[in-house]
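Shared between the two complexes below is chain A, which pairs with chain B and chain C, respectively.
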Partner chain A sequence: MDAFGPKKGIFPSGMGRRIGGRLLIFLFMMLFLSVIVFYVSRLAPGDPLEAFYGDATQSMTAPEMEAARTRLGLDGSITEQYVKWAASVIQGDFGISLRHKRPAWDVVRPLIGNTLILGGTAYIVVFVLAVILALFCARFEDSLADRLICKIATAAFYIPTFWLGVVLVLIFSVNLRLLPSSGAYDIGKAGSFSNRVRHMILPMIVMVASHLWFYAYMIRNKLLDEIRRDYVLLARSKGLGRTRILITHCLRNVLPTIVNIMAISIPHVLSGTYVAEAVFNYPGIGALAVSSAKYHDYNLLMLMVMLTGVLVIISSMLAQSINEIIDPRMKAGEEAY
Partner chain B sequence: MAGEDGNGFMIVGANYRRHEVMAKRDGVWRRLRKMPLFSIALLVVIILGCLMARFLANHDPGKFYLSNLSQPPNSEFFFGTDSLGRDIYSIIWYGGRVSIFIGLLATCVITIIGVTYGCISGMAPEFLDNMMMRAVELAQSIPVLLTVLLIVSIMDTQNVVTLSLLIGSVSWFSLARIVRGEVRQIRRSEYVLASRCMGASFMRVALKHLIPNFVSAIMFVVISSVSTSMSMESTLSFLGFGLPAEVPSWGNMLSLADRALLMNTWWVIVVPGLFLVMTLLSITAIGYYFRSETNKRPSNL
Partner chain C sequence: MDPFEITQNRETVLELRNLSVSFDTPDGEVEAVRDVSLSLAAGETVAIVGESGCGKTVMCQSVMKLLPNTARIKQGNIIVCGEDITNYKDRQMRNLRGSTLSMIFQDPMTTLNPTVPIGKQITESLRLHGKMSAAAAHGRAVELLNLVGIDNPERKMKLQPHYFSGGMRQRCVLAIALAMSPKILFADEPTTSLDVTIQANMLDLLRDIQKKTGVAVALISHDLGVVARIADRVAVMYAGKIVEIGTAEDVFYDPRHPYTWGLMGALPSVAIETGTLRQIPGMPPSLLSPPPGDAFAVRNEYALAIDYEKMPPMFKISDTHSAATWLLDSRAPLVAPPVRNHIRQDVSKSENLRAVGKETIIKVVDYVQHFRVSQSLTIEAVRGVSLELRRGEVFGLVGESGCGKSTIARAIMGIYKPTSGKIYFKDKLVSDRRSYRANRRETARGAQIIFQDSAAALNQRMTAEEIVSEPLVINRMCKSRRELHDRTAELLALVGLDSAYLTKSPPELSGGQRQRLAIARSIAMAPDVIIADEPIASLDVSIQAQIVTLFQKLQRERGFTFLFIAHDLSMVRFICDRVGVMYAGRLVEMAPTDELFSSPHHPYTIALLSATPSPDPVSERAKKIVQFKPELDAADGKMRELSTEHFVRGLF
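Entry: the complex of A and B
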């Protein structure tokens, strides 16, 4: 085979082929994920039927139970159940939440927005601050301020998220009575912007404190490697200012790494929203995942795993595409420089 | 940077770089000062306290002192009592045993799985290596907490060992990647080749040549995984997925935080949390000490 000849594929142009390839990988990964999660969840002890009907199962007759199993999609072998489940998922039906006794999608849908607001804002704040902090630390490397920031931020990163949240609630809600301790908004004030903001301050502080340094430190180290390159010496000798070199040259070279880090960080930040939502009783996906794990509500958990999977895979693909725009040397399939 | 030779000529750069080699070795005292002495001392005190829990505790950690519910710290109950009337001071020492033990056991699991997986993947042929690394990336892309919730919802009740296994089995991915990267770098070196030519088995190559070479590189990750495991245990216990309530651990003590918030009993939240945080930060500081120094070239900026 001629390695340099034009490669042939379903898609004629290079870009199209890459997108097509990625879509295939995406579908494959989703399939893989769903099979594993499905099988694992059916290994569980405890009858889902009991979780759904409670004590009523004991007074059911055998044919009634059979009918109930068929209705909930619990009859047949696991493989048959999976095929049935997958078929209905393609039609947009994720099954019935065993705990809420409503379609799982209806339970999750109103909460997605809340989580996206909290997680998305935290995500943006974390990365904006991380880049600023990293630039500052790289500019004044080994100064007192740099070392102080490193120490404090490392400590903040290793303090358990939930404890930080509880302590903040203890200080600001219980004792100072400045901020609300739970929920996304007060009853009847769902539309009020300021009310929502007030409810988001504490969860945001917790999320930012527990994620910021991890990423700021990575970016800082990358920048420190970068300012030891020769082009920095050249730029210095032609008389450019330090801050300007850092921002216009070094930061630009580090950007692909930052985009990569941002893509990888999504599951991490999502994990953070789980804890923050659970601590602050914030009505979102995370708090729902925690409670549905408590009540063995597998259909709901499945849906949330799938949603997370879609989000994560899409974002990593997006990061790859953005990187190709920033740095054309990084083409998928070709050796990165 | 210039030396003068016998004829009176200046030789520019004669001893360039030499003085770095000749730099004075650090004495014992200086090396000791670089160590995180405060953290080590703190950690030793906490661990000794936990080991000697029986002598330190002045109350029965499992007993409910029903006439002393939610007492603030006083001379009888040094750290106060919680909403069930248990003596926090006594539970701290017994709970520390459990928390630290879980941290250590989970770290053992992480190290064993991570090193084995990383070594196999690093030594494996290209396609197998690729596949193993893709699998790790896939597993890493799901939030850890979601994986744990899924597994926890399947398991019935936890005990110390199953909880450690669970924590260990979801946190070895990054260690495996680091090990694999290190192994990739040394797999082609002559001594590994020589050893394999002489018929050494995979186990022997790994134990004699691979592991001694990357042990310093993974030291930081291994040590800080003790603190991340302990942190995970406390988070799980707080969310209600950890150990059963009668087993004392720092995380379990904090699972009463909700009730403590309602009653505004700060000591129930702050005392176990401070012990946990102090331990975590000490372990982390010690881990940072082991982190191999990045090359300290002077900055061009």
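Entry: the complex of A and C
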């Protein structure tokens, strides 16, 4: 076989097959995820009717409760409930939120943007800073600055996020009165960009500070693994300096790892958003997710889980594709021989 | 060498004056290079030979200043093109590296960045040092790839290294090293990890390029055959010192230092006349606190009293030749060199005394092995091989990497299930799982395997005693613990390890000792057949000689049947009775050793034999390498018997 010739069949049919295969895996994973969460959430003790009627359930008669259950789709075995739920989801209907007494999607929709803006920005800032910091530390390996940053990284790992949030509020909002302490925007200024940014600064700092060090430290160590490889010796014998080797040679080989870490860290950063939302009273879906689990708001909970699931699965698939572009050897077994 | 070539008055490009380099380690200072003086002239190739750990690589890397921070130059000067660079800082060195000084490394599979296209890896230094425009650098890179013999360079510039074979990658590394037309090229074992035929081409290429560009080459090698082929001068290093230096002719035909004698005597092609390899006893000294006298004294059978006390100076033998041994002092007794390097290609092996029976012990019939890697890819590792091993013989299986030698070994051991074909062990079918299990007592015990890399094959956390006694325990061979212990100690003694080694684990042992341990384990069950898969490939020459001598001794005493898998043809010639040559999953030729080496028939065998370097500079330089063209290997060829026992595939 001519290793350099265009390989027959990879494009387009091979490409089609790969995408088709991934789509199948995606659907299967979503099915698996929904089944597991659906069943597990119903194992928790408590009556979902309380979420809808509150204390009123105590004065309801048995037939009334039965009727209410049928109306809300809570009757029958769990499997029956699941089939009913899945059928309506396929048609784009996620059911109504038991607690908010509105369609679940309508509850989530106005808040999801806020969370995505906060989480997404923090996510990008964390990784851009992490790579820069890691490169700096690897460049000056074992120098005072490097050792200091590594120490901070370890210490920062133990600082509780909510505590940091409260401290920041005390300093910047209460004492210095520089930044707002809560909310996503001041009343009546929803459209003001600068106002939104000012509200985001503190939650951002909290999120970045709680995630940055961990990832920077991880990437630094990967870079240092890489700089001990043979090809670096060849690069040095070409006359390249350490900075240049790190950026043009090592970083490229570490990139697949970074991309993978980025993909699997999405839920991690997302859960950080929830904490920040709680501390700063930021209107996002974080609080919603917590309360939906607490109050047996099944439909809302399932919607949140499915959204997170889609995000995680798609991003890890995207990561795989990006990595195949960076390092073609990753197309498992296809062209390695 | 061209007799009319000017050899004198060539510009000296590199000069080392009394260079000493040491490393700071937690255990103390390791004196890796000790008081080395060496010069290198434009257009010449100096080979630095010696066993691992003798300081050859450290010496070269100290010139490039590529050593880790724990290394420092203790004394001496490094002069490159008339400029003293001893105290150069990294910034200054960066201007020299890649432009004046260049280096190529041992393993081309790891020295290229896997994710960066070849073209970019070449243009990088052109743009850096030459300040070339992208287009100019591209043009020069294409030119360089052409120079190193890579066809269709325009297209290959864009490809990442994994599209290239090992030999091609080494050519790319060479192209990178030559990018800025350096004055000095350090080649650190550049062909060690390549197949013999590819090695030969690579050496020719190196010599060609030197002729065209006039670059001075410092070749680090442990393979004296390779050295004989391309070196003008040879420096022999031992324990961080140069012990002998001279032209290739001086060192190969008139060696003076006992260590050089030892190295030569350990070569199978030198030893073939006498039938015994000369062993250098013992191991190189630790450089943590090197002995005050000649570091080689303890291993030297000709050592004089003064050798233990005082470092011998360099004695001048001729204008070009000098050696550091007290034997050359006028007061020393006259010692005749024990080795005569007089390699005659026509010599036949001393008649072996082994009783090779007619009984077939292993029979492989039409063995085919496919490995399915993915849906679209199946590797045909072995494509129909038939052979038999007779009781008491040493059968050599040779061929380039990936030709299926090891696959056959594993199938005989029952590790792989053949895709088709049958393998018999003493008339019992082992290629079939059920039959293998039914006869397990006999089959599992009857054949044992030794791997190339025993550091990886032996469990790091087990002691030597546990490793050797494990098969005895599994098969309940000993009645009491006492007996088990005695048996184990006895087995270790048999391979030359005393009972102090019982409690040691593999990481505490040297490569040679580990291989001895693996041998002790394999003979524990008193097997009929021992399969040795490249058992000496990763060992130093003197240790190779020790292990091979051990094999010979065991074979003589116990009458094992050996399947010896190797790529070193001279060693195969030395110990094997019959040899099978494999190419691309098929046996292409099989014959008694002498017959095969004196009248090879298959074009692949001919190419392989011509590519094998021998430690004889004059004949090596003159030798033309026969190239093998794959299309010569007929696809439908059958093995035909040419003369008694001599089989060739196809009609040749």
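FYI, the second predicted complex is superposed on the first by the 305 of 337 C-alpha atoms of A that agree within 3 Å, B and C clash if a C-alpha of one lies under 4 Å from a C-alpha of the other, contacts with A are read in each partner's own complex, and residues count from 1 in each chain.
Following the convention adopted for this analysis, a contact is a pair of C-beta atoms (placed from the backbone, for glycine too) under 8 Å apart; a residue touches a chain by one contact, two chains touch by 3 or more.
Nothing here was measured: the structure is a model prediction, and the numbers come from that model.
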First (chain B), second (chain C), both or neither touched by A:Ile124: neither
Dominant toucher of chain A (residue count), chain B or chain C: B
First, second, both or neither for A:Ala67, with chain B first and chain C second: neither
Chain B versus chain C as contact partner of A:Asn253, first or second or both or neither: second
First, second, both or neither for A:Ala155, with chain B first and chain C second: first
A:Arg229 touches, of chain B and chain C: first, second, both or neither? both
Intersection of chain A interface sets (partners chain B, chain C): 229-230, 233, 236
Residue numbers on chain A that touch chain C, as the complex places them: 3-4, 9, 229-231, 233-241, 248-249, 252-253, 255, 326-329, 332-337
For the chain B and chain A complex, residues of the former touching the latter: 138, 140-146, 149-154, 156, 227, 231, 234-235, 238-241, 254, 257, 261, 264, 266, 269-270, 273, 276-277, 280-281, 284, 288, 294, 297-301
Residues of chain A touching chain B in the complex: 29, 32-33, 37, 40-41, 43-45, 138-139, 141, 154-155, 158-163, 166-167, 169-170, 173-175, 181, 221, 224, 227-230, 232-233, 236, 242, 245-246, 264, 267-268, 270-271, 274-275, 278, 286, 289-290, 292-294, 296, 298, 301, 304-305, 308-309, 312-313, 316
Sites on chain C touched by chain A in the complex: 64, 66, 90-91, 94-99, 101-103, 105, 107, 110-116, 124-125, 128-129, 152, 155-156, 159-160, 162-163, 173, 176-177, 179, 373-374, 376-377, 379
